[in-house]
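See the structures that follow.
Look at the two complexes coming up: subunit A is in both, with subunit B in one and subunit C in the other.
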Partner chain A sequence: MTTTTPVPTETECPPIDFGELKSECVAPRPSIMGQKRGLRSILWLSFKGIVRGLLTTLSYFRRPSTVVTQQYPENRETLEMFERYRGRLSLIHNEEGEHGCTACQICERLCPNASIIITKDKKNEATGKPALDQFIWRQDTCTFCNICVLVCPFDTLEMTGDFESSVYDRRLLVFNLNEYAGPTAGQLDKLEDDELAKAQMKPMKKYQGPVPMCGGEMDGIPKLDVEKPTDV
Partner chain B sequence: MTVEVSSLKELVEQASGDDRSPDTQEYFVNMGPQHPSTHGVLRLVLKLDGERVLRCIPVLGYIHRSIEKISEHMNYMNCVHLTDRMDYLSSIMNNWAVSKAVEEAAGIEVNSRIQTIRTIFAELERIQSHQLWWGVLGMDLGAFTPFLYGIRDREVLNDVMEETVGARLTMNYVLPGGLMADIHPNFVHRVKEFIKYFRPKLDEYDDLLTNNVIIQERLRNVGILSPQTAVQYGATGPVLRGSGVAFDLRKDHPYGVYDQADFEVPVGTIGDSWDRYWVRVEEMRQSMNIVEQLLDNIPPGDFLVKKLNSKIKIPEGRYYSQLETARGILGVFIVSDKKDEPYRMHYRSPNFNNLWCLEPMIKGDYIASLIGAMSSLDLVIPDIDR
Partner chain C sequence: MADALLNQLSLTLSVHTSDVFVAPAMSLADRASRALESGVWGAVLYIVIGLVAVLTAVSVLGLVMSYIERKVAGHFQCRLGPMRVGPHGVLQSLADGIKLLFKEGIEPGHGDKVIFIGAPIFSITATILLLAIVPLAPGIQVVDMNVGVVYIAAVSGLGVMGILMGGWSSNNKWSLLGAMRAGAQMISYEVSLTIALLVVVLFSGTLKVSEIIESQQQGWWIWRGHGVAIVAFCLYVIASTAELNRTPFDLPEGESELTGGYHTEYSGLRFSFFFLAEFANLFVFSALAVTFFFGGWLPFHVGNYEGFNSVMDLLPPVISPMFWFGSKCATLIFILMWFRWTFPRLRMDQLMRLEWKVLLPIGFANLILAATVVLTGLYFFPSAT
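Our next item is the complex of A and B:
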């Protein structure tokens, strides 16, 4: 059986001029049967080719140290992701638990798929400036393109190495990233009264927000009263 | 050249007429969209006579995500991350294609450090794409071991790139006007280590697949694509070069810093699957040569030429730019109406044109040859549908 590939004649396809091609060609490697060889030569080369392949796998079989398999769930303790790895988004909080987000909404505006929703308090009573109310991040629509981290003028966002994000309910993928609603760390430091500063930090829950899927009730979907996904 | 237009329904009705004879009849079989060797949701309608393929009609649209339409209401910086989802094995090259088009249209000049890093990453990406293809080709033809070996070496390279980029598949590393991040301090050292590791492994590839007589006989003289047909169908990349047409954008219209690198373009002779196989394996060697030459002389400079902003405005007009991905020429066509969003964005993807070469290649041959020929085309289905 020969392949019946229709080769177009000269009239169908005029010769194509590519201009001055500068490509230097490398000659293709011949295959075993491609050359005019005797039957004995062909049989020997075929046998050699198959045996060499088998010997390659056998040599790895005899050297278990070269095995590269990673036993993933077992090596969770020692597994380290690269520092630039783009996993779960997080809002950076300092040692005192204060964030640096001024709710400027640049990340919200530039997010390609509207995964970030920011609500803000237009005028904080103590500082007189706008303050962050909720930083909602929808992991279910996020494509991890890193643009929000890149455009943040105050460097308050980072992508963490946390990659184990599978849950049983889609609503658990809508996060509230800020631990408290209130002014930034810098604005809080300027307040002289520590009590007043403390009073501005209203604690927020991880699953809390105006997005309907975020813990709220919908038709046919019961209200979710989970604070944290349980480790199974 | 006549063009025959007929619907699938008509074709099926024609074939299954009133023929009641006991001889073999022509019949239609669906291959895909859920077939393991179509590498995704590609549906091929095969018109068969016994085991001979008389026609092979690709049916598309099972993974259409309207990336071009979505791009119309995104700014140019955000458009880039969608291209990761087209040809996911050459995502950095896709990013670069859009960035290159936008930079040329908006008149943004990028420095040579950015160009060098982009070129190095494009070549590394080409290597990892061919590594995966090599493993999958073995698996399609019934050898499972090569897949594990290909993936093993790809893993090493993926780690090198992940350290700098932060992602493994959807990289989104190149932006209009620069890069998302500078290269990691370890990068140069680790790439050198990789090349030292991978060169001997390529000889191992030869032992496992290339010199194997079964693989050779299943690829040789199967799926012959003449240079004329390849050009007629608009095939590019290793498919075109396997047919003996020495056309490589990296040589013929150099972009990036390819003009500074010394490399050769492998070209096949008769255009069968074996030639395409050989061209890709040789391309891995040439890519390593390019990376080795560029790695030591990465010029100093910024990784972003200007402040990152979304308001890149392109003057009114039409702009086209193209580059060579691991599968062929990816062209980006932008129609701009002076806004910071494209009026129309079109991608000329290499896999779309390469796919249609399947029918002239395989007409009259066995189904088993179709598998080998399709594997040698190295199709990525999300790139066909976009």
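Our next item is the complex of A and C:
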């Protein structure tokens, strides 16, 4: 008695592109409801459904390997975070420790709660192009909306799986994401003189940004009366 | 009057102590019947002692089974369940119990205080009364009355009362709706439950629980019942799941629409009484299924395969009934848990339709068929009768 619904055409159901994944047009599964079925057919379908459900849960029960729970504090060393998890923001540095941020400030302008502050050197001596000075990220106001990662034209930002960010002082949640102040990896590669390139990379510390709350110096944190970056 | 009372009590007590310490050959069943026949006060004392023992069993059962339930539920859902308190979380339910013990028992402002306090006690009393008739091993049974099945039908209906009282006195719409649902559901499904049990009563020809077990010496009723008993068992499992308010029939506490159902307003120890009653009921209903369909504490025998049967009889007579009864019960409890963590909840009208339009007609037809089978003597293993 089942009437099979035809597979919808491309115009009826345009495929959606998710990058690597692509949506697929499939015929809707025949529903038991609203169809004229014999009693035996209904009973058989119900029985099949019940048994299939029971077998599915039993298959999970039988195999402890299907458990997805992470025993967190114990497995801290081997903990695997999911790729899509949004933890601490990080500026990607390559093997030579060079980043790709051109200090274009798109992320800063699009950040909905002004958690990103970028200062830059308007004209680097060696490359003659603007170079990043400080990439300041305020985790205390960040909502992890991922917009900065999406809009970056050079794909230099990523949300890492690092979630252990509890501290006793909010000021410690203001990070300096770049490991050095200076031009991008590409610009440094164009310089023929390796020594000159090295010289452009002024090392930066994790905490080097301005911290808004009043307070004095802390271990590893400079004094908090750093003036607000003017080039915003 | 008081003197006579004291005399009677001391007499009963001395009978008991002498039985325990002097005459160990006397079986527990004999002692029970002697105590019950020794006069009103002797019977009362015996029953009180028995029920206190059962209450202890209920508490321990509740602790163990809530742990098992959570563990089993976890693994059905790709989780681990409790893991922190003790190795693999074995002390979790103990910790929960202590927590509940120290919690404040809040009473709703405009509720009916007396009924509110009485409801959980009523609920757990019904469970204890039901446990009194469960034969755990030969003779280990608080009361073995000759109208056991009637008693089961009557007392299992009592549990509804506690739930209705709790819902009514809470002065809370969710509690009331949950209790009304529970009442409707439990009263409806009780019919199917009893009809399913009656099939076995027809086969064994007795209402006495211990005799029902004895009648299965030659084979369990689920095999010997010619398929009729299998249908009855399926009915029993479905109806007892509904009777226990467990998923897929857990509408009385449907969290999505009723918060906590009839125990929304309960906290602390009173809540834990409802909780204990629920878990103890789970044990009781599986124990009854084991008693009626799977031969209670009798070991697993297959027809005339003497070799196989003697292997099954290898366990010493002290452990054997405990082992067989326990393992059969555990299997059934596991099946009920399996149901709970697999199926989604039914809708209220679907629930009622299932009972009155499907299960009940099947139950009646099955009962008539069973009567025919019994009249014509179409059992398996006819030598047993």
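In this section, the second predicted complex is superposed on the first by the 139 of 232 C-alpha atoms of A that agree within 3 Å, B and C clash if a C-alpha of one lies under 4 Å from a C-alpha of the other, contacts with A are read in each partner's own complex, and residues count from 1 in each chain.
One rule holds for everything that comes next: contacts are C-beta pairs under 8 Å (C-beta built on N, C-alpha and C of every residue); 3 or more make two chains touch, one makes a residue touch a chain.
Just so it is clear, the structure is predicted and the values come from calculations on it, not from any experiment.
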(request) On the superposed three-chain arrangement, identify whether subunit B or subunit C touches more subunit A residues. (result) B
(request) Classify the contacts of A:144 with the two partner chains as first (subunit B alone), second (subunit C alone), both, or neither. (result) first
(message) Quick check for you: in the superposed arrangement, does A:61 touch first (subunit B), second (subunit C), both or neither?
(response) second
(message) Quick one: is A:39 in contact with subunit B, with subunit C, with both, or with neither? Answer first, second, both or neither.
(response) neither
(request) Using the touch definition from the top, say if A:112 reaches subunit B (first), subunit C (second), both or neither. (result) first
(message) Is A:53 touching anything from subunit B or subunit C once the two structures are fitted on A? First, second, both or neither.
(response) both
(request) Once the two structures are superposed, pull the subunit A residues common to the subunit B and subunit C interfaces. (result) 50, 53, 56-57, 68
(message) So in the complex, the part of subunit B that touches subunit A is made up of which residues?
(response) 1, 74-75, 77-78, 81-82, 145, 152, 155, 162-167, 170, 172, 180-181, 184, 204, 207-214, 216-217, 219-226, 228-229, 231-232, 245-248, 251-252, 264-269, 274-275, 278-279, 282, 308, 310, 360-366, 369
(request) Report the residues of subunit A in contact with subunit B in the complex, numbered from low to high. (result) 1, 3-8, 12-13, 16, 18-19, 21-26, 28-29, 31-34, 45-46, 48-50, 52-53, 55-57, 68, 82, 84-86, 110, 112, 143-147, 150-151, 159
(message) Help me check something: in the complex, which residues belonging to subunit C touch subunit A?
(response) 72, 74-80, 83, 338-339, 341-343
(request) Mind listing the subunit A positions that touch subunit C in their complex? (result) 50, 53-54, 56-58, 60-61, 64, 66-69, 71
